[in-house]
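In order of appearance the chains are A, B and C, and numbering begins at 1 in each one.
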Amino acid sequence: MLEIEHLAAGYGEVQVIWDLGLTVGSGEVVALLGANGAGKTTLLKVISGVLRPSGGSVKFHGCELSGLGPEQVVKSGISHIPEGRQLFSGMTVEENLVMGAYTRSTRGLSSGLERIYEIFPELSNKRKRQAGTLSGGEQQMCAVGRGLMSDPKLLLIDELSLGLAPVVVERLVRAVMEVHQQRELDILFVEQDVQLALEVATRAYVMESGRIVKQGASQVLMDDPAVRQAYLGL
Amino acid sequence: MDFWVLGQYAVNILFLAGIYGCVGLGFSLVYGVMNIINLAHGSLIMMGAYTTFWLFTSYGIDPFLSIPLSAVLFFMIGYFIQGAIINRVMKTGIFMIMILTYGIEIILVNLALYLWKANYRSVAPAYSGNILELGSITIPYLKLAILAATVLITVCVYLFINKTKTGMAIQATSLNRYSAQLVGIDIHRIYNITYGVSTALAATAGALIASVYPIFPSMEGPFLGKAFVIAVLGGLGNMAGALVGGLGLAVAETVGSLVFGASYQNVTAFAVFVIILVLRPYGLVGKRFFAEISS
Amino acid sequence: MRNNLAAVGIWVAVLFLVLTTLPLILSGYWLKILTNIIMFAVLAQSCNIISGYTGYPALGNVVFFGLGAYSTAILMNRIGAPFPLALLAAGLISGLYAAVLGLPILKTKGHYFVMATLGVNEATRELVNNLDFLTGGGIGMSLPIPDRSIQSFYILIYFTMLVILVSCTLLVHFVSRSPFGFALRAIRANEQAAGVMGINTTLCKTGAWVASAFFTGLAGGVYAYWLTYIESQVVFSIIIGVKFFVILLLGGAGTVFGPLLGAFMFQIIDQFIWGAFPEFHLGVLGLLMIMVVIFVPNGLLRLFETRIWFPAKGLFQALGVMGTRAGRSEKG
């Protein structure tokens, strides 16, 4: 249960997000759409505590998150899979996954790892390989796996499909959706592929220059002529 | 050249490489994790040497036994310096951080000048004259002990970095700060610990130096210079490289003084340094990966 | 814009008048301090060319100071060259050194460049130490004592330093608004992009460094003649190199007058510290450096503009005192 109200944020003196409100209810998969530079990634950074907001509030299950460091946000049950995978490329696949569980006690570690290897068997045979040597799809699996290792209640995903073949994307989406159903994991994701996003999400927000300009159920947005024209090219 | 003479040189080089490895290790660690050129490293080594001197003359504590004591003390000092001062400016450019660390450097030099004056001091444990003779090679036990100590320290650092949770977090932070934050690593705490460990290593190097060489406040300059050379030879920020760099500097200095004369030892070292910087900025053994420049 | 220019003109004229009459009425002690300020202004200004405008942190630039000092000393002492000739040669030698070294070293960036310049400084100092027959090695080197009264000698030194400062500042002033200055700033902002735009980055960087080295070498030469005794530990000392960086930061890197303001402030504070805490001079200096980095990272000039000048202007505008013209000139 994520509730964002009147959020303002930016880099130095440049404000990127203006008076933004957004919620992710339990059991929801919410998409965040918008052109490049609309502030989507910045919003995710604010939620995960990497960037301090300059105003407004971010509440997660009733607890105020704004002002907390990223380590506390992770502990509260939010995990952020960044754009461009951002693996620890000098480490092995398994070490990357282990780092994902950094905030958790080491007791459940091996069962956590096994769970990820069940979801992505490809990673299982490559656990000792350097993460930087994997293919793009495998790297994204590793990144998703690392994000899931902290056993989050809310998953933020930035550009899951970026630069990947459609088959691989489908595979990743299916895996994430399975976890969503089995583990009561809420999801907020940024996606360039609007068609895909609206198929997967229950609701969606459209961002433009740092503000939410449209929101609604996926089906409604899918039929919205403005959205169809701007993002689906129909 | 005679076999025994060569053997004697090899022994001396190994001993020197041990000390230099220790000098470079902490410097490289800080660079690798935080991308900081820590200009205070020389004076931290110097203060470590004086701490050993102080513990030896005031309480009769053996220089080798003083290492754990001063390492713990210096870890805390380093943790504090990073937490209270350097973390404030981590986001400014390299310029700023260098000026800042140099400020710390000269404060420490001033402190040493005030506490111990500019005189040369030395620590001479009772066994410092004892010598092991191997054919015509003579090895002071003290140098053997130093070599053993550096091996032990290297093993400890290796285990800490690769086998502990905090060590892995340090590695993760050095590889990708952003991701490190996203998996829940408190990178500022990691910075503090890293600087603390680096400072403890500086103190250790200082202790080893104090047990064989005379010490004085302005020794910080030469040792900072050596830390540079070692780190660059091995590849900036590469921990294993720091040991290779230590060996490289020891060889360069020894060969340089053999070929050009003893007074050219430092010229050779710095010439090699500049050439390596220009031709192989990722170091002798490093991969390009470690030399990714962020300015 | 024209108004601004006139204001700057008046300020420069007043400053010039003060700087030329002061030495005639000051006591020896204060003249020495003033000369020191001017010297550090020259050093910071030279550093400004390569570091402030081009963005290459040449922390080891002090090597040209030492080189200039030793060149002057050697030429005057061993060959008997007259001071002006020796000084000019010292500047040229420093510039040449930068040109030769610049081609390989300016290929490195960021931390690597800093370390390379420091390495060059160390290697050069060690070399100077070893060339005993030329430099006197570790003992240092004396220069011929000038045959004129002490006071007139110090005034001569002062004016030589001032001429160097004025020419250096004029150079920076004109370069900063020339295509060359634009090229340097482009390199600072994004070297690759500058290269793509058709700027010969290697040539520009090297040119900037040569100019920087030339003036630093001149300052070193005057310093050597002024003190009549130099030793390598002093003229190649990193602390001098770091000092002019602090001055540059304090005043404001990449501005024409920042280095001058910085040198003035820094030397005055330095002098005060010497007087008040002789035993803790270094320590207080270090503390000062830390405070500059933490509290005035953008330099005093920027601080003055953003905290005092702009708000004051805004206040006046709000009160209608300055009208719309001031508002326009702020943009100009």
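We adopt the following convention: contacts are C-beta pairs under 8 Å (C-beta built on N, C-alpha and C of every residue); 3 or more make two chains touch, one makes a residue touch a chain.
Everything numeric here is computed off the predicted structure, so don't read it as measured data.
If touching chains are joined by edges, the resulting network of the protein chains shown is an open path. With centres taken as mean CA coordinates, the chain nearest to the overall protein centre is B.
When each chain is reduced to the average of its Cα atoms, A sits farthest from chain C. Computed from the mean C-alpha positions, the centre of chain A lies at a distance of 42 Å from the centre of chain B.
The distance from the centre of chain B to the centre of chain C, each centre being the mean of the chain's C-alpha atoms, comes to 33 Å. Each chain gets one centre point, the mean of its Cα atoms, and the points for chain A and chain C are 51 Å apart. Shared interface positions of chain A, defined as residues touching 2 or more other chains, are absent. Those residues of chain B that touch chain A in the complex are listed here as 165, 168-169, 171-172, 175-176, 178-186, 289. The part of chain A that touches chain B in the complex is made up of residues 48-50, 69-71, 73-75, 79-82, 86-91, 95, 98-100, 102-103, 106, 146-147, 149-150. Listed in rising order, the residues of chain C touching chain B in the complex are 51, 57, 59, 104-105, 107-112, 114-116, 118-120, 122-123, 126-127, 129-130, 238-239, 242, 245-246, 249, 253, 279-283, 285-290, 292-294, 297. Of all residues in chain B, only 31, 35, 37, 85, 88-89, 92, 94-100, 102-107, 109-111, 113-114, 221, 225, 228-229, 232, 236, 263-264, 266-267, 270-271, 273-274, 277-278, 281, 291, 293-295 touch chain C in the complex they form.
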